[in-house]
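The first chain written gets the first letter, and so on, giving A, B, C and D; residue counts start at 1 in each chain.
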Amino acid sequence: MSPPETLVDKLDSPWLGVVLGVAAVLGMLTVNVLFLVWLERKVSAWIQRRMGPTEVGPFGLFQTLADMLKLLSKQLITPRHVDKPLYHLAPLVVFVPVVAAASLFPFSAGLVLQDLDIGLVLVFAFGGLAFVGIFMAGWGSNNKYALLGAMRSVAQNISYEIPLILASLSVVLMSGTMNLAKITALQSERGYWFIVLQPVAAVIYFIAALAETNRAPFDIPEAESELVAGFHTEYSGMRFALFFFAEYSNVFIVSMVATVLFLGGWSGPLLPGPVWFFLKVYALVGLTMWVRWTFPRLRFDQLMSFCWVVLTPLAILNLLITAFVARLV
Amino acid sequence: MDPNYAPYVSVLACSIFVLGLGAVILILNYMLGPRRPTREKGIPYESGDEPHSKPRQRFSVKFYMTAILFLVFDLEVVFIYPWASKYSDWLKDDAFAGIAFGGMMVFVAVLTLGLVYEWKRGAMEWE
Amino acid sequence: MGFEQILFWLLALGVIVTSALVVLPPGGKNPLYGALLLIVSFFFMSGLYVLLFAHTMAVLQILVYAGAIMVLFTFVIMLLNLSKKELGDETRTIAKGVGVVAVVALAVKTALVIETQTLNIPAKPLPAGFGGVDAIADTLFHNYLVPFELTGVLLLVAVIGAVVLAKRTL
Amino acid sequence: MNPVSDVAARAAEAAAPVAHSIPLYWFLVVAVVLFAIGSAGVLARRNALTVLMSVEIMLNAVNLAFLAFAREWGNMHGHVVTFFVIAVAAAEAAIGLALVLGLFRHKKSVNLDELTALRN
């Protein structure tokens, strides 16, 4: 029951620990998101035989930072007839759960801000909260594309959450714990990654995660050719930036969950823990980018029936077979 | 503070901190950015056209069907959480392992019937 | 007052105020505000659960109530997209007034009764792992296996009923 | 659990009732207040959606009471009952909202006072 020593325990004052820890997690997330956006632009450019950003910094590395500063000095346009409380609070409601979820991950042995017995459930609980902010943005904006985008976005998010969680529960079944640090330690101890025993769950998780993060081929909610920009059409300046930040953080978070569940988290030979952790996360992120710029977009009805008719039954079946096999051996 | 809930208080503190930070960012943007509202900036964005229907239409009942399915499967998942995390311990007790497996099997089978029913009724066909 | 007591009163105040606002305006006037305020009240509520060492239930509360049941509410609110007229006028009748006064009186009386009745209960020490997932799993599958299966049947009935009701008069 | 340790455990329990820093009574008062808010909403409001939300508030108040007593008795039964209450609340919301949809289609309103088909 007693959790291992965490960052917070090592400091004299728990409050100072929390503030420093959150600042560290937020800094980590910001740096990674800035890098991720740059990477996305470079990867897409590479796939489409373009150059991508080249101007700011070496290889255009500071392009996103410059974009961030630009957005900070832009006008915050509030359209007429918006539902004021909903419209103004929506970016914050989307932003907070994402960072809170990111603070639960173990980056190395003992390097974890909040070590919870049910960390995995809490990550999914925070992920499920995204719908509140999306609804508020879509409804508050007084724009038909924003509202339709929000409805589609929420319908898709909630649908794909089911196979996502069911796939990760197959791993929980084998590890017997939902503590993210313990799941990692177990894989390090046993000397194999859970993807070896749960390849089907890993594939289901990956597909569902693409849909959860609204990325192509599942990016119907923000299909720019039919819905402008989806639920954040009417947002400008830093309000837009917060949505954008949350979106890329989500990509990062689902990759971190996959790393912990299927790829052994920080465990690996020679290199220190955090290096392994981020290497694996970026391998997964790279895969999602490759998929995004390669596959065409699905239709909304295909999207929904694929989830409920194919993915969810498959995930349930995989879970039950895992339980059955675990009984036999 | 009790070690049982200290980490949760820390999660709470973390959320409040991030909320404050987000608010500060928005206020900063409000102070730094220009404020020159015009009529055109205020109309709902429809790629340059004047909006020509009310923004808040009614939606298909299919969305409700999806939400029902999600609700039921979310509850299924919630019941599987404790089961999955305890299952490997139960396997050591031969007498109980069968009950644990069979019990969850029946539960999942019953809920899958709901999925099949909704599918057969065509609730999942988006036209 | 210690830190825990202060936290308790903050959370209690939060849950009571937000719940009251669900029923009173603005929540009572506009169901969408009501639904969002209800979500906020669930957060305060799960904070109270944590203070009761029920951390697993606190997380599941957020997962199911805030994350699933309220999705249903907001979906229906947006599906209907009600105008003022469709929401209907709130009539103020004497019967309602009497009802509300009776409820308040009953609540005050109950609060007074439980004060005298519960002071004598000696609190038992908490076993190891209290409130954790494993403890819930053990109690659920050892003591409540039949109710668990019946819950599955209840949910099946709910799906079928909801589909029939919502599809029939489309 | 063998009888000897069982006896020992019981003796330990009887000997040392723990004092929680937040008494049971406080939680129960909050639960009572919430239940009153919920039932007042059910009685006074005529908008079907608000009535359903008031029912959710009442169920939450009950959950709080269950969990408070679970801590007091030091066993997990209250938690499991809360589990079931959450499941029942979900089923109730699904059916209740389907009824609201049906009501709206028939009457173009979600006001419960319009439901007079069975009167007279």
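Throughout what follows, a residue touches a chain if its C-beta (ideal position, glycine included) is under 8 Å from a C-beta of that chain, and two chains touch if they have at least 3 such contacts.
This is a predicted model, so every value here is computed, not measured.
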item: Shared chain contacts [subunit A and subunit B, defined touch]; value: C
item: Chain separated most widely from subunit B, comparing mean CA positions; value: D
item: Contact-richer chain pair (by C-beta pairs counted) among B-D and B-C; value: B-C
item: Distance from the mean Cα position of subunit D to that of subunit A, given in whole angstrom; value: 33
item: Separation of mean Cα positions, subunit D and subunit B [Å, integer]; value: 22
item: Centre distance in Å when subunit B and subunit C are each reduced to the mean of their C-alpha atoms; value: 17
item: Euclidean distance of C-alpha centroids - subunit C vs subunit D, Å; value: 6
item: Junction residues of subunit C, two or more chains touched; value: 4, 51, 53, 55-56, 60, 63-64, 67-69, 71-72, 75-76, 78-80, 130-131, 133, 136, 138, 140, 151, 155, 158-159, 162, 166, 170
item: Residues within subunit A bordering two or more other chains; value: 116, 118, 121-122, 139, 147, 151, 158, 178
item: Touching two or more other chains - residues of subunit B; value: 1, 8, 56-57, 59, 61, 63-64, 67-72, 74-75, 78-79, 81, 85-86, 89
item: Interchain pairs in contact, sorted by label; value: A-B, A-C, B-C, B-D, C-D
item: Subunit B-facing residues of subunit D, complex; value: 83, 86-87, 90, 93-94, 97-98, 101
item: For the subunit B and subunit D complex, residues of the former touching the latter; value: 61, 64, 68, 71-72, 74-75, 78-79
item: Of all residues in subunit A, those that touch subunit C in their complex; value: 1, 85-86, 116-118, 121-122, 124-125, 128-129, 131-132, 135-136, 139, 147, 151, 154, 158, 178
item: Interfacial residue positions of subunit A with respect to subunit B in the complex; value: 2-3, 6, 8, 14-15, 17-19, 21-22, 25-26, 71-81, 91-92, 95-97, 99-100, 103-104, 113-116, 118, 121-122, 139, 141-147, 151, 155, 158-159, 161-162, 165-166, 169, 172-178, 228, 233-234, 237-239, 242, 300-301, 304-305, 308-309, 312-313, 316, 319-320, 323-324, 326-327
item: List of subunit B residues in touch with subunit C within their complex; value: 1-2, 4-5, 8-9, 12, 56-59, 61, 63-65, 67-72, 74-76, 78-79, 81-83, 85-86, 89-90, 96, 99-100, 103, 106-107, 110-111, 113-114, 117-118, 121, 123
